[in-house]
Structure formats: structure tokens, C-alpha cells
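One chain, chain A, links the two complexes that follow: it is found with chain B in the first and with chain C in the second.
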Partner chain A sequence: MQLPWTKTQQTRPNTSGGDGDAIVVSGLRKTFGDFVAVDNVDFRVKRGEIFGFLGPNGSGKTTTIRMLCGVIAPTSGGGTVMGYDVVNEPERVRENIGYMSQKFSLFQDLTVDENLRFYSGIYGLTPEKYAERRAYILRMADLEGREDELTGNLSVGWKQRLALGCATIHEPKLIFLDEPTSGVDPTARRQFWELLNDLANEGVTLFVTTHYMDEATHCNRLAFIYRGTIIAEGTPQEVKADLTADTILQIAVDRGEEALAALEELDSVDEGYMQGSLVHVNLGRRGAEDAGLREFLVDRGFEVGAIDRVEPTLEDAFVHLVTQQGGRA
Partner chain B sequence: MRAAAKRVMAIARKEFIHITRDWRMIVAVLVLPLLQLLLFAYAISFDVRNVPSVTLDLDKTAASRSYLDSYATSTFFAVQGSVSDFAGIDTAFDRSEARVAIVVQRGFGDALAAGGTGAVSVLVDGSEPNSAQLGQTYAVALNQSLGRRALASWAEARGLGTVRVGSIEPRIQAWYNPERRSADFLIPGLMIVIIMIVTIQQTAVTLVKERENGTLEQLLESPLTHSELIVGKILPWALLGVVDTVLITGVSMGVFGIPLRGDVSALAVGIGLFIVCALSLGLVISAVAPSLESANIAALLLSFLPGFMLSGMAFPLASIPVALQVVSYLFPARYMVEIARGVFLRGASWGVLGPQVLALAAYAFVALGIATLLNRRRRA
Partner chain C sequence: MSWRRIRTLIWKEFVQISRDRAMLPILFIMPILQLVLFGYVVGSDVRNLNLAVLDQDNTVQSVRIVDGFTSSGYFTVSARPSSDAQLKDALDGGQAVVAITIPKGLGDAVRSKRAAQIGVIIDGSDSRTSGVAAGYAAGIIADLSNQFYGTGGAAMTAGGVNAQVRVLYNPTMRAVNTMVPALLAFILLMSTSNVMSQAIVKEREKGTLEQLFVTPIGRADYLLGKLLPYTLIAVAQLTLTFLVGVLWFQVPFRGSLLVTGGGLMLFMLAALGIGMIVSLMSRTRQQAQQTSMFLQMPQMMLSGFMFPIDALPKWLYLLTFLIPLRYILVIVRANFLKGSSFMELWPQFAMMAAFSIAIFLFGLSRFSKRLAD
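This part shows the complex of A and B:
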């Protein structure tokens, strides 16, 4: 029998760095004064998985990562990362993970080579290992021949790949990526995800936070965090499963925001949000093809284009889940 | 342990590259301190030289003439000429031809010959209080040293022993700085203040910069510990602080002719500890400051004001209000200024400077600890 306050011990595997899950989190909670940043979060990440940790800004994503890296102590609860206890062995944890944030964390006034050498020193690589990793990273980041360029002069895609290289110079088996593609153009984002897929294929576990829902489809499993609580967890399919019986309409309309506001007043509309310039509304299980929405909008002076029934996207699922929580995404 | 040393070196090397990559930084660290030294040493000089003066000889004896001649050859007073009565002094003051008038009273020669005290008055133009005040001080000091010399030569000419001749009791004695050059007094203190300004300002921004660039977050997610980060950050700056010290000492001795009379090892240990103290103060600012601008301003305030006001560099600490005297113990400069003056001017040794060095060591330990703790807390 386990007592509740032995939670951390309970989840701690016997063999460090063995075959246990990459991340095991139970009852993780962090408060800053009265503010509950992370509220009793539980989840597991298997080895070799790409785990998507999704949620709007301020929902507790970064706080969770920082607790998992042993940078800040949880208020209560705990977990293990690569078999090491995040509360009692933060140094072990940090030696065994890589971390990359949206700021890329490169020293702009250092050259490519100097950045690599710096991180090699921080992770205590031997000279031989450093030479090997340097060659690999330069090739991976497409920076061969540009070793002596100042990092600040690189364009954003190269910076991002160099940052990934620096974060993985010690070949961690688990990498935390906190909004790694934020502010990067779509082409560079796609290339970056190819690199992440390569890493995953080599058996590296990736823990990725993002607020780009399209990126979430790259993940094997997802967790949605909202106001500090995980509101859904599973594969992308599982997360969407709840919605597959619902009718979701995509409406092309001028003055989308105003149209959305008008539609949300209707009883027949459960939830709605903007997907780019298009309005998405969820009509629940009523199954009505059009539900008179076209007439409703035309009556109010909107110019309505195509109205199509669409498969639920992760974004639909997220809005649905948030609406159920009584909030707005 | 080896890994820890490796991490500290990685940070130190990186810091060093930051410094060398930016020429403005090199100027700020190596050239500005020397410019500050030259500027301040000339600007803040309290020396009174070539004060325009007139003489009034009411005695008109060989003794009085010999006495006044000594004034004419002094570099402190530029004797513009002699006047025949007190009205002449008024005129000279009114026309700003003189600020000081030296008056030898009637009976000066007789009094000295009789073994009494020769009466000499020094009149000072009070309309310019600062230079008048200083002029007066110097006049009194010189009056005495010159007066004695004049007496001696006068007595010798008459075949009398100086002991038997009456004299003016010397009241001011400038032992360690016999010429009372304010440069000697100021520069050892100024060196310390300049080194403090450079080191505090540079370290105050270093962690703020890392925080704003997001690189600090990255480092915290690595095996690097807070103490390793702090030590690695301090190392290159401490080294530069030492280089600055050597440069400034060289210029002080070469250009300003400051003597170095005492135990250099006490100075070296003192300055090493002092640099760590100043760097720690910078790191404390770094931990507390919300932005780069506020870090800069805080560093400016914390280095300039206590540096000039509370270090004893310009004003004797005993002469400032008691509350400020208490505050002055909170800044490392006062201990170091004491050590620097001791070693440069008084030829002081370890035994005398021990308490100051110990105070600095304790200060360094505490300040470094506070800096580390504050930076750790900042992240939690």
C-alpha cells in the first residue's frame, strides 16, 4: 500500500537510465503566491516518442518544463526524467537532457564554432567527442564552411538548427523543445520538423511545446494543458475522437470576427473560432447540413461564400475542450 | 570536479570572447579608466600653485627681507610685488592682482634676535572662499617651514646657533606628503574608485544581458551550477581588473610621480579582494535589476557616489556626517583606499593593514555569497 505523500517514490523506477518511461509525472503542482501555474498534472512520455505539449500562452507549459529540468522546485508532487528524480537529482536530470527554447539561446557575438565549443565545455565533452559532434552538427545544420561566421549574422533557419545542434551536442536521449519554431517561417519550420523526425527515428524522445496546431500532427501523442490543468491526452486521433460525430462547418465570410460573434449567439452553435480567415463552428451532434446559417448571416448583411462540412482538426478539438472547461481559447 | 572546472573555463572563455569582440568594450575597460585617471587627477586637484600674492614689509630688516625672499622663490606663491601700506593690499585685492598678502610686522627682526617670536600676518582674500581657504592653509604651512629656514640662515649669518634663536612653533607637519601635493593624496584613492567603477558597471549588465537574450535560461537547463556560472563570469573581469590596476599604477607613478613605499604584496592581495568585492556588487545589481537600463543606472549610482563620497578618497571620512560614516562601511572602497594610501604613501606593511585586508576578505566572501543566492532566487 502506498501512502499519498510517497507519490514521488512510487513513480521512481529502480533502474536509472534503464527501460522505464522517459518522463513520469505525478501530481505535479506549482504555485506562485495565489496563482496556480501548474495544477496536479500527471502524464507519461514513452521512450522514442514525440510528445506534444499544447496549450495557449500562460497555460503552464514552460513552468512544467522548468520543473522537469530541475530548474525550479515543484510546490508538490514530482516525477522522474530519464529515470532520475527531478526534485532530488536535478543535476543528473540536466546532464541527460537537451533543452532548446524559442529564443535559440545562442551567443550572437560568438562565431558558429565558438558557440559549439562553449556548449561542448558546458557538457564536458572530450576533445575527440567534440570533434565528432562538431562535424555532425555542422553537416546537420548545413553550416559547413561557415564555422567562423558570427552567429548573429546567420538567418533564422540556420540559427534554429545551430541551436538544436548546441542543445544536443552531448547526445541526450531526451530533448525538451519549448516553442522551438515560434517566429520561424513555414519553410524553416518544415525543415526543422524533418530534423526532429530524424532524431525521433534514432530513438531520441522529444518533448515539444507549441501553439501551432498544425505541428501537433507530427506528434505521436499529445497533452493539452489549459490553465494549469491537462484537459486531454492521447494520440492526435484519440484527442479528436470525441468530435468525430460532431458537425463542424467551415464558413467563408467577410468580416469573419463579426460573423463569428453573431454565430456564437445562436443556440444551435456549440462553439466557434477563427481558423485563419475562415470561421469554424461546431454544431454538436445535430447533424444539420447547413442549419440555416447561410440565411442567418445573409440576413445580417454578411457576404457568405462556401460553407463546407469538415473533419475535425486538432484546433477544433482544442476549442471544444476549452469550451467544456468554461473558457475561451 | 574536473567537469566543474571545465564548465567554469567554458564560461570564462566565452566571457573573454564577448569582451574582445567588441572594441567599445575594450575601450571601456582599458582606455577609459586611464582617461578617467588623467581627467580626475587634473580636475580634482586641490593643489594651490602660483597663488598671486603681494608682500608688505613693515620691518625692513635683513631678517624680514630674507624671510620674504623665501616666499618669492616658492612655487606656491607668485609674488607680484610689494606694497608700502595696508591700503596697497586692498587695492591689489580689489584689482584681483593678489589673493594673498604676506605682512611682516615691525619688530620682526628684533624679536627673533632677542629669542622671541617674529610676527607675520597672512591676509587672504575671502571673496573666493575655496581657494582662499586652501591658500590660507598652505600659507600657514609654508610660513612655518619657510620661516624656519629663513631664521636658520639669518642666525647662521650672525654666528648664532639656531636653537638659541626664537622661532615660530610649527603646528602643521606634513609627514607622508611633505610637499603636500594633493595628487599624492588623491591618486591612490582615485585608482581604487576608478577600478570600482569599471568592474561594477561591467558585471552589473552581464547577467541581465544573458537573461534578456534567453541564454541564461539555456545555461540553467544544463549541468552548469549557479556558483560555477558566477565564478566563470567573474574570472575574466577579475583578470581585467588586475590589468587595469597595473596600468593605472604605472601611469600614477610615471606621470604623477606617486611613490610606492610599502609592501606591494599587501597591495596586491588587497586589490584582488577588492576586485572580487566590486564584481560581487555588480552581480548583486545584475540579480536585482529588471532591465539593462536599470542595471546601468544602478551601477552608476552604486559606483560613482559611494566611490567619491564614502571612500575617503576626496574627503576624510571622519569629517562626513555620522550616518554616512556608517553607510560607508557598506562599500568596499573605504577599506581599499586606506590600504592603497598606506602602501603608496606611508610605506605601511602587513601588520598595519591587516585589519583592512581582513575586512575586505570578509566583505568579498559575504558579497559573493549574496550575489550567488540572489541569482539563484531570481530563477526560482
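This part shows the complex of A and C:
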């Protein structure tokens, strides 16, 4: 049966599934009307890498992933995923990847077992393979003995691990994880990253988006996307390298938001932002002793605690990059 | 497209339906409820009307006339006034809605085959009841007239009532007979479009739709995986409605399953199309419910389902041509009760097919476009 929207696929010489990079993207662009969601993005992800794709909400992360998964077609440009062309072979792409989103979209009204059986049926696992994967996932997700529980009744950490299990039931060599840990408590996040590290050690490529900067340090390589454009790419060290000569101060002060606003007026302060309840300021190449920040704040009636020079974090790097783009993180 | 994936989707859909406390009642209680409500309330006949009898003749013939009224089941004698004034009181006081007066000498007139008259007085304050009562009375009197004088001798006339009324196909004028065939189409429309839109909106609400499209499931897989379960459910609902209608409400089925069933299947395309369109217009299940309700009203009113459309103002009447339910109602009623064939019903079939296919394809194209971005 030929339905109107099924694209006839021409057979192409099989260059797929080789040992090339897991993801190669060139000139990828997607517009929705006048809005440019992703603007000429290029990057590569090597096999076996944990690749972090970072950026604020609305910067084009999810749109990029959806194009790479062959769910939506790029406006122009393209790429290959596990050797398959995302524009011409979206179905092959989807057979060879796993995808897990922040919503861990399990069927809440299906039991743990039924969710597994569903995804096993979708990916066409043999009964033997299914039995093996089911046993493995139940153990991995710590759900042995809870096979008949409704997924909706599980707490977040279990749901998340089950979602990872469902997304990887067909043992893909590449997994996309779109903010997989958002809304999950720190313990569950740490456990989850242990699972991801295990997968990476087995040679699985992981493409992870997150806005938790501490998680970005788990990645082998990172790309920062901002307003649809990649503004930095490299290992965490490389991304921070720009900043290592800069002086970054961490200031404990009451009424942090107000203090930050005051500090940003100063010429000696290049960038500033809140890190929890602490204020981080980047003084560029200037020394800390020249700035006179303590006097400045005390004069304005703030109660100032410790001021320490700190090593630049990824978050500092991110704020720095965004400021250079003329925006606010 | 893969049959294995479609099968998995269908299995999943049925497991979900079986767990859904909101969906199950819609699927299986609603059709029964509608059948019972429409069958007994809307489709109920006016029966046991209170009758006042003023018999000034008191002969065998006059007693037979009263018997004729009471044995029909439509009338029960509630008052026996002895004068015109008392009779008027009975009507005014609401003890009776219909009164008959049998004048002195009626028996003699009948015996000597002379013309005779009885008076029928009807309380016209409830137009529906009075219209029906007038019809019944005319029928009963015509019947009696035949018994007294033999066919052809229409010498007995009732005051102001045309005794020539004859009701075709539905001689007892059981409203339920026209209601049950119509309900087949109506339940199909309501439940299919409603349930289908609910299922899709729910999937989008929960984010599972997004997940499905990063698996190898194609759009054709997904749509067939959605359409097939609800088609099967619709067939089950139709069978249930049909059986209850024929066995419980004793509606005679004189048509063919091919014409009625085929027409309904064609009409289901419109219902599925409407379901998809509603699902695109709604973000939440509640919205989908409200949108469905909003669309139900005009279809119910302008299709001839409850009220005849011939009496509508011209501009409203023209609108009814745009409602596919209108055509299927003609088809199921005509085929069900009269056994009308496809050849006789082809104009309705053609119009309905055109609309159903157009609505279905429109829904399908909008839907698959939405899935694409």
C-alpha cells in the first residue's frame, strides 16, 4: 500500500555503517517561517565519544537532535549519522540510534514489562534477544520483581533508567539524550551518569544535551550552541582555555542580585553572573588586588564575605562566550 | 511500513484502552446509554393518553368504539362525563387530553348503514401529543368504520379528523423504528471521532508521540496503528447497537447488511477524519472533548437525526447538504426499514462518499503534515 506521504527511496551505493565518525554534520540549517532555529551548523562526533551539546533553552539543541534523528527535514545542509544520510535514509538512521528525551516518554499506563515488549516489537527483536535484553535492562534499572507495576507509579529515577533501557533495547551504537537528567534529584543524576559511563566504556557513542554545567565535565568533547550557532567546540579544557589567563573571583555577599547589578557597572568587570548564591565576576587580565571590589561593595552598603580567586568553570566559559556574542546567558 | 510494527502499535493501543478509566465508559457504556435514552425517551411513543368518554348512545356499537380506542394501547379511559359541560371540565382540568362524544342514535345509524358522526376533541396545548393523538384517533376510527360498513363505505366521520390517514412502513408509527437505524450512524460518528481524537491528543500530551517518531515507526505505521483499533472498536459498537435494536427494541430489519454495513463503513471515514481534525485543534484531552461537543450539536440538529430538515428555513436547509450524517441517515433508515437497494440510494451514497473521502483525506493530510514538523 502506497500512502501519499511515503517517499520512494532510491537505493544508493552502500557506504553506510563503516568506521567513519558517528555523526558528521555540515551546513545544517532549519528555519520555521522567519525564525532561524539552527543556522549553518557544522560538527563531528567520533565513535565512542561522550559528546556534550550545550546551550540555553531555545538555542536550537532539540531542533538539531530532531534533524539528526530524521524526524524533521533540514531546510538546507545535512549530515550522516552512523554512516546513514539523515535526509535520504531517515528510517535507517532511526533503526540505528536510541533516543531519550527529558520527558522519558514511556507509556505511563503500560507496565514495565509492556513498555519493554512494545519497544522490542518496534525494533523487531527476536524472542531470544528480547529475553536477554529484558533481563539485562531490568537488572540495570533495578526493576527486577517490579515488572508488572504500572510505569506511571514508578518514581523519577526508575522511570529515567527504564526509559534509557527502552531507548537502548536494540543495542544502538549511538544514543541521543536530550536533557535526560532534568528534574531528577542529584543522587539519581549521579547514578544515571554511571550508567552512561558504562555504555561509553562499551564503545557506545553518546550525544547528550544538558544545561547542568557540572554534567558537561563528564563529556569528552563539547559544543556550545547559542541562537542557532555553534560558538565553541572542543574538549572541556579547550573550551576553558580562553579563560585560564583571566582572573575570576567568587564573592560571597548579601543581596547577591543587587551586588551583581552594581558590579556589572564597573569598567574593571568584564562579566558577572550568579553561581548559586555566590557572585562570579571575570576581571579579564586584570589582577584581583587592583579592582578594589570589596571597598566598592562595602561603600554601597553590602555585607561582603570571602572573595576568592577561582579556576574558571565551564559555566564561566559559557557566560564568557555568550557575552562575546553580545547576549546574556 | 512494517506489519510487525503496526501489530505492536495495535496491541499497545488495546492494552491502553483496557486501562483507561475515562475511555472505557465512552466506548461501551455510551452506545448503550444513547440507545436506551434515545430509544425510550426520544423514540418513545405517545401511549396511554387519558381519554374522556361521553357515551350518550350506550349501544353495542358505541361500546365497540370505546373498546377500539382502549384496546389500541394509545388511550386509557380516565373520565366518563355525563354532559358536555362535565366533558369540558375534564379537558380543562387535565384529567383527559382527548375526549370522544358518541351521540344518541349512533347505533341505529350503523345498523341501518346510514352515515354517523362521533366527535373527537383534542387538547392542543401540547402540539406533539395532540398531533399524535389526532393521528391515532383517525386511524382507529377508520378501522372501526371498515368493520361496521365494510371497506369502501366511509360513511362514518369524526369531527374534524381526516380518517384517511394511513402510515406506511411504520404502521404503528413506532418512533423507535426510525431512531435505532439513525443511532447506528450517530454512535459511529460520535464515538469514533471522539475516541480517536482523545487517543492522539493523549499521546501528544504525554510526549510519547515524540518518542515514537525517533523509532523506525513511519507515519503510515503510526496512522494504521491508530486507525485499525478504532475501526475494530467501531464495528463492535455497531454490532452491539444493531443487536440491541433488533432484539430488544424489536425493530424489524428489512434491509441488507451489505448496504447498511457498507454505507456505515464509508461514513466511518468521515468520522475518522473529523477525529484527526479535532486532535489537531486541541492541546489537551479536555479541549478535544469540548471541540467534539461543539461539532456534535450542528450535526445532530441539521442532519435529520432528531428533527425533520424539510421544515428548516431555506439557508439552513442548504447547510444540511454539507453534513455527511444527513446522507447516511437516509441510507440506513431506508435500507433498514424499507429494504431500499443500493440502486435506489446511490445519490445519497455518492454524496456521502464524496464528503467522507474529502474529510478523511483532509484530516489525513493535515495530520501527517503536523507530524512532519
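One rule holds in what follows: the second predicted complex is superposed on the first by the 312 of 329 C-alpha atoms of A that agree within 3 Å, B and C clash if a C-alpha of one lies under 4 Å from a C-alpha of the other, contacts with A are read in each partner's own complex, and residues count from 1 in each chain.
What we mean here is this: a contact is a pair of C-beta atoms (placed from the backbone, for glycine too) under 8 Å apart; a residue touches a chain by one contact, two chains touch by 3 or more.
Nothing here was measured: the structure is a model prediction, and the numbers come from that model.
Participant: Record, for the superposition on chain A, whether partners chain B and chain C clash or fit.
Facilitator: Result for chain B and chain C: clash.
Participant: In the superposed arrangement, does A:V86 touch chain B (first), chain C (second), both or neither?
Facilitator: So A:V86 meets neither chain B nor chain C here.
Participant: Is A:V279 touching the first partner chain B, the second partner chain C, both, or neither of them?
Facilitator: Neither chain B nor chain C is touched by A:V279.
Participant: Figure out whether A:I122 sits in contact with chain B (first) or chain C (second), or with both, or with neither.
Facilitator: So A:I122 meets both chain B and chain C here.
Participant: Which partner chains sit in contact with A:E95 here, chain B, chain C, both or neither? Use first/second/both/neither.
Facilitator: both
Participant: Which parts of chain A are touched by chain B and by chain C alike?
Facilitator: 69, 71-73, 91, 94-95, 97, 99, 101, 103, 105-110, 114, 118-119, 121-124, 176
Participant: Which chain A residues qualify as touching chain B in the complex?
Facilitator: Listed in rising order, the residues are 66, 69, 71-73, 91, 94-95, 97, 99-110, 114, 117-124, 167, 176.
Participant: For chain B, which residues are in contact with chain A within the complex?
Facilitator: For chain B paired with chain A, touching residues are 2-3, 6-7, 9-11, 13-14, 17-18, 21-22, 213-215, 217-225, 379-380.
Participant: Along chain A, where are the residues that touch chain C in the complex?
Facilitator: 1, 3-6, 32, 69, 71-73, 91, 94-95, 97, 99, 101, 103, 105-110, 114, 118-119, 121-124, 150, 176
Participant: Which residues of chain C touch chain A once you look at their complex with the stated criterion?
Facilitator: Per the stated touch rule, the residues are 1-2, 4-5, 7-8, 11-12, 15-16, 19-20, 206-208, 210-211, 213-220, 223, 364-365, 368, 372-373.
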